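In what follows, chain A forms one complex with chain B and a second complex with chain C.
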Partner chain A sequence: MSIALETTGLGKRYGRQWALGDCTLSLPVGRVAALVGPNGAGKTTLLHLIAGLAQPDAGHVRVFDQALVNNTEVLARVGFVAQDSPLYLDFTVADLLTMGARLNRRWDTDLARARLARVDIPLDKPTGKLSGGQRAQVALALAMAKRPDLLLLDEPVASLDPLARREFLQALMGSVAEDGTTVLLSSHIVGDLERACDYLIVLHTARVQVLGGVDELLASHKILVGLRRETADVAGTAGVAAVVKQSHAGKQTTLLVRTDGPIHDPAWTVEDVSLEDFVLAYLANSDAGTLPGPSRRGAST
Partner chain B sequence: MIEFRLDAHSRVATYTQLVQQVKQAVRLGRLDPGDRLPAVREVAESLAINPNTVLKAYRELELAGVVEARAGVGTFVRAPARRLLVNQAALERELSTWVRRARAAGWEREDLVALVEETMRAAFSDNERENLA
Partner chain C sequence: MIWMTWRQHRAQALYFLVALAVLAAVLVPLGLSMFRALTDLGLSNCHGTLPVGDPCDVARNTFAERFALPHQLSILLAFVPLLVGLFAGAPLVARELEHGTHRLVWMQGVTRRRWLLVKVGLVLAGAAAFAAALSALVYWWWTPYERVGTSRFGELEFDLQGLVPVGYTIFAVALGVAAGALVPKVLPAMAVTVAGFIGARVAVMVARPHFQPAEEARFPLFAESHPGRFVDMWQLSTRVYSADGQDLGSGLITCPPAAEAELDRGCAGYQPGDYNLTRFHPASDYWTFQLIETGIFLAAAALLIVFAFRRLRRFT
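Presenting the complex of A and B:
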């Protein structure tokens, strides 16, 4: 399994405040990863460091197994769409395509035109006259025209209405299927991304809290519902590795647990976890964390 | 050609929903042997889902012998129509009578689903326990 992105002990400081600290993670090629965390968790900082727009104060970034610093060759393989899809609002879409063609080594104007035609974007309109959803589509088409191997998107759907959000994700998934692009996209909401992403990075107060494939993470977590009981009694249950979240109401106790085997205890009704519940449980409990073995690899080097 | 749809509120994994829909379409004759499944890109784009999820579903269908992938051409339905389950027609009749009676008695869809799920869970967990014992 080859690695598209690897950060080791990555940190960025603004004044005396670490916006990102000791961030060690890796993202396999071909995955679509959601970078999730509350506002101020360091998501944008991390994306800027990977895009080469900011320099780290600690650690380093490797993209497709090459160091990022002053490496225009590898940066040419990285596409980045900043928050709220900033575009030159007086320029028409066609102008932006021309500009992209002049500024980039790799550029596929025909591909961008075809994709914009598919979502009915007029090329002769200034981008300032387009809707928010259309501007997001233009920003995506421009980023994909660069034929990036790694695409970074900062809060791509946050400001879009539900319909535009769906259309954006449709275009993104179509592009990813066609080009095999590895994607890292940040969001503070998970609901919409549940079906688009197959990899998850949860960032909490400047640190990586959860990292792994969505299927694997969800398979190793369960919701247990049963008669009210104290947490200390739960820890001994066969199959329960850790209690991530617990709530008690009346006579009932509900737990979200990380498992290390099947849970057969008949006292519990065992249910699957949705990605949204999973993320919220971890965000609410900053002491809990789940990181796979390999991501720890770089921590000691 | 099959058109996939997703139940947004279902706990059933997305790829499992795709697998079930193909199997069901084959079972009910909406897909015939030789029919092509939509390309991975088309499914990923129309449902706004990860292409790896579609690939996973198609791989599982291939393993189950329902479809076959022909390199560079597409994925095609292979399975001959599945045999009818024992007593299928009679059970279908009884079930639809039962559902009609419940509706006539004022049961809502959700009530029915809850009752069926609860009954199935009880039945199958007894079954599992017997198997373990």
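Presenting the complex of A and C:
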């Protein structure tokens, strides 16, 4: 499996504060990865470092096994939509398409036009007169027209209403599936990503907390519901590798656990976990982490 | 990138063309009427420095008084380079960084370096062309003033014509670009541009008299005839000295020959042998001074552009 994107010990500091620290991850080609985390966790910083818009203070980034700095070859293969989809507000949509055609060697105007036609965006309108959602669509169309091998999207759905959000992600998935584009998109809205993404990166307070394929991660985590008891007892239960989150309500205890085998203890009802619950559980417990291979924190609580 | 630069700056280019047209619509008719006045007042055959009271000198004063207002207003032209720097230079980088559009354009297939090179290069070329056209227009318009003895070489007149307005304009635009790379917001970048431009202009203005050693002319207070108003040259100072070199104060004092001087109260207290000393730069140094001053501002502009490139290369 070839690697689209790889970061090693990547870090970025603003003043004395590390916005991102010791970030090591790799993203296989063809994956659609969700980058989630609370505000200020370092999502935007990570995306900027990958896009080459920011320079790391530690570690390095390789995209398609090449360094980024002033590298037009890599630049041509990466599409990027920044947060809030910045556009030249005095340009018409058609102007922006011309801009893309002039500034890129590889450029698919027809693709962009078709995408924009599908969402009813007129080409002769200045982008300053479009709604926030329409601007997000234009920015995405511009990034897609580069026919990128790696598409980086920073909060692409934040300005869209729930219906548009779903359509946007569906359209995105549809087109990237055809080309085999690798996608990394950040979001703090987790619910929408479940259907769209097959890879997950959770950032928490400038650190990578969770990394892996969505299916594998969800398969190795379960929710246990049973009579109220102390967590210490659970650690011994066969199949439970770590307790990520516990909550007690009345006589009942609910646990989200990482498993290392089937759980047959009759004291527990075992349920599958949704992506949203999974992410929220990890975000609530910053000491927990699950990373492939030997990791800094270890794979247990 | 050329298309991109044109698309981003075409409205601005239009505004500057309109401004140039308006200035031409004022200066060309005014200049033509001044040339006519030269002929009407019989000034066509008056040349050089003339004795006080000469008919030519009287006609020159008439002309200077009639066209004093446009002369005074012309000082406003000294601000044109700053305006170009404010509106073409300061937003060039600052607006992109303020609105985040650098994250759009830097992710297209061109490097930041090339992006900045083409944008700055074309805008500088346009600004320089604008400044050169305006400067040539002002130079032509100034010719009648020069004929009547208002030198182009004067402290303020020097700044409005010749090569220096082009140097100032290129400097102002470069300063705006560098200010935008330093403070990534349009208004603060404009403020930095204003402060930097005025500071640099004042500093160089103070240094200007020392570009070349000044020449000196002495002439006695008591004489049959006195030289009239100096023309063409740049007069730095005129002071009165005693025969043994003591400074008796500033100003130009002319007295009739010593025998008759007792009647003239302004001449009381001065001795035969006292003399006026004028320090000046001759008219022949005009283009040397223009070249030196333009060179200073072009060199500063080059440094500012290098600074902007280095700063943006690291901008994150």
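FYI, the second predicted complex is superposed on the first by the 292 of 301 C-alpha atoms of A that agree within 3 Å, B and C clash if a C-alpha of one lies under 4 Å from a C-alpha of the other, contacts with A are read in each partner's own complex, and residues count from 1 in each chain.
The rule is short, and it goes like this: contacts are C-beta pairs under 8 Å (C-beta built on N, C-alpha and C of every residue); 3 or more make two chains touch, one makes a residue touch a chain.
Just so we're clear, the structure is a prediction, and the values are computed from it rather than from any experiment.
With both complexes brought onto chain A, simultaneous placement of chain B and chain C is permitted, the two fitting side by side without a clash. Judged by the touch definition given at the top, the superposed model places A:Ala249 against neither chain B nor chain C. Contacts of A:Leu163 after superposition on the shared chain: neither chain B nor chain C is touched.
Of the two partner chains placed by the overlay, only chain C lies in contact with A:Val78; chain B stays clear of it. In the superposition on chain A, contact of A:Leu142 is made with chain C only, not with chain B.
When the two complexes are overlaid on their common chain A, residue A:Leu87 makes contact with chain C while staying clear of chain B.
After overlaying the two complexes on the shared chain, residue contacts for A:Asp95 are found with chain C alone; chain B is out of touch.
When chain A is checked against chain B and against chain C, the one touching more of its residues turns out to be C.
Contact with chain C, but none with chain B, is seen for A:Ala54 once the two complexes are overlaid on the shared chain. Think of it this way: put the two complexes on top of each other by chain A, and the tightest Cα contact between chain B and chain C is 25 Å. Within the complex formed with chain A, the chain C residues making contact are 1, 3-4, 7-8, 11, 99-113, 314, 316.
Within the complex formed with chain B, the residues of chain A that make contact are 30-32, 166, 169-174, 176-178, 195-198, 215, 271-272, 274. Remark: chain B residues 6, 11, 13-14, 40-41, 44-54 touch chain A in the complex. Those residues of chain A that touch chain C in the complex are listed here as 12, 48, 51, 53-55, 70, 72, 75-76, 78-80, 82-84, 86-91, 95, 98-100, 102-106, 139, 142-143, 146.
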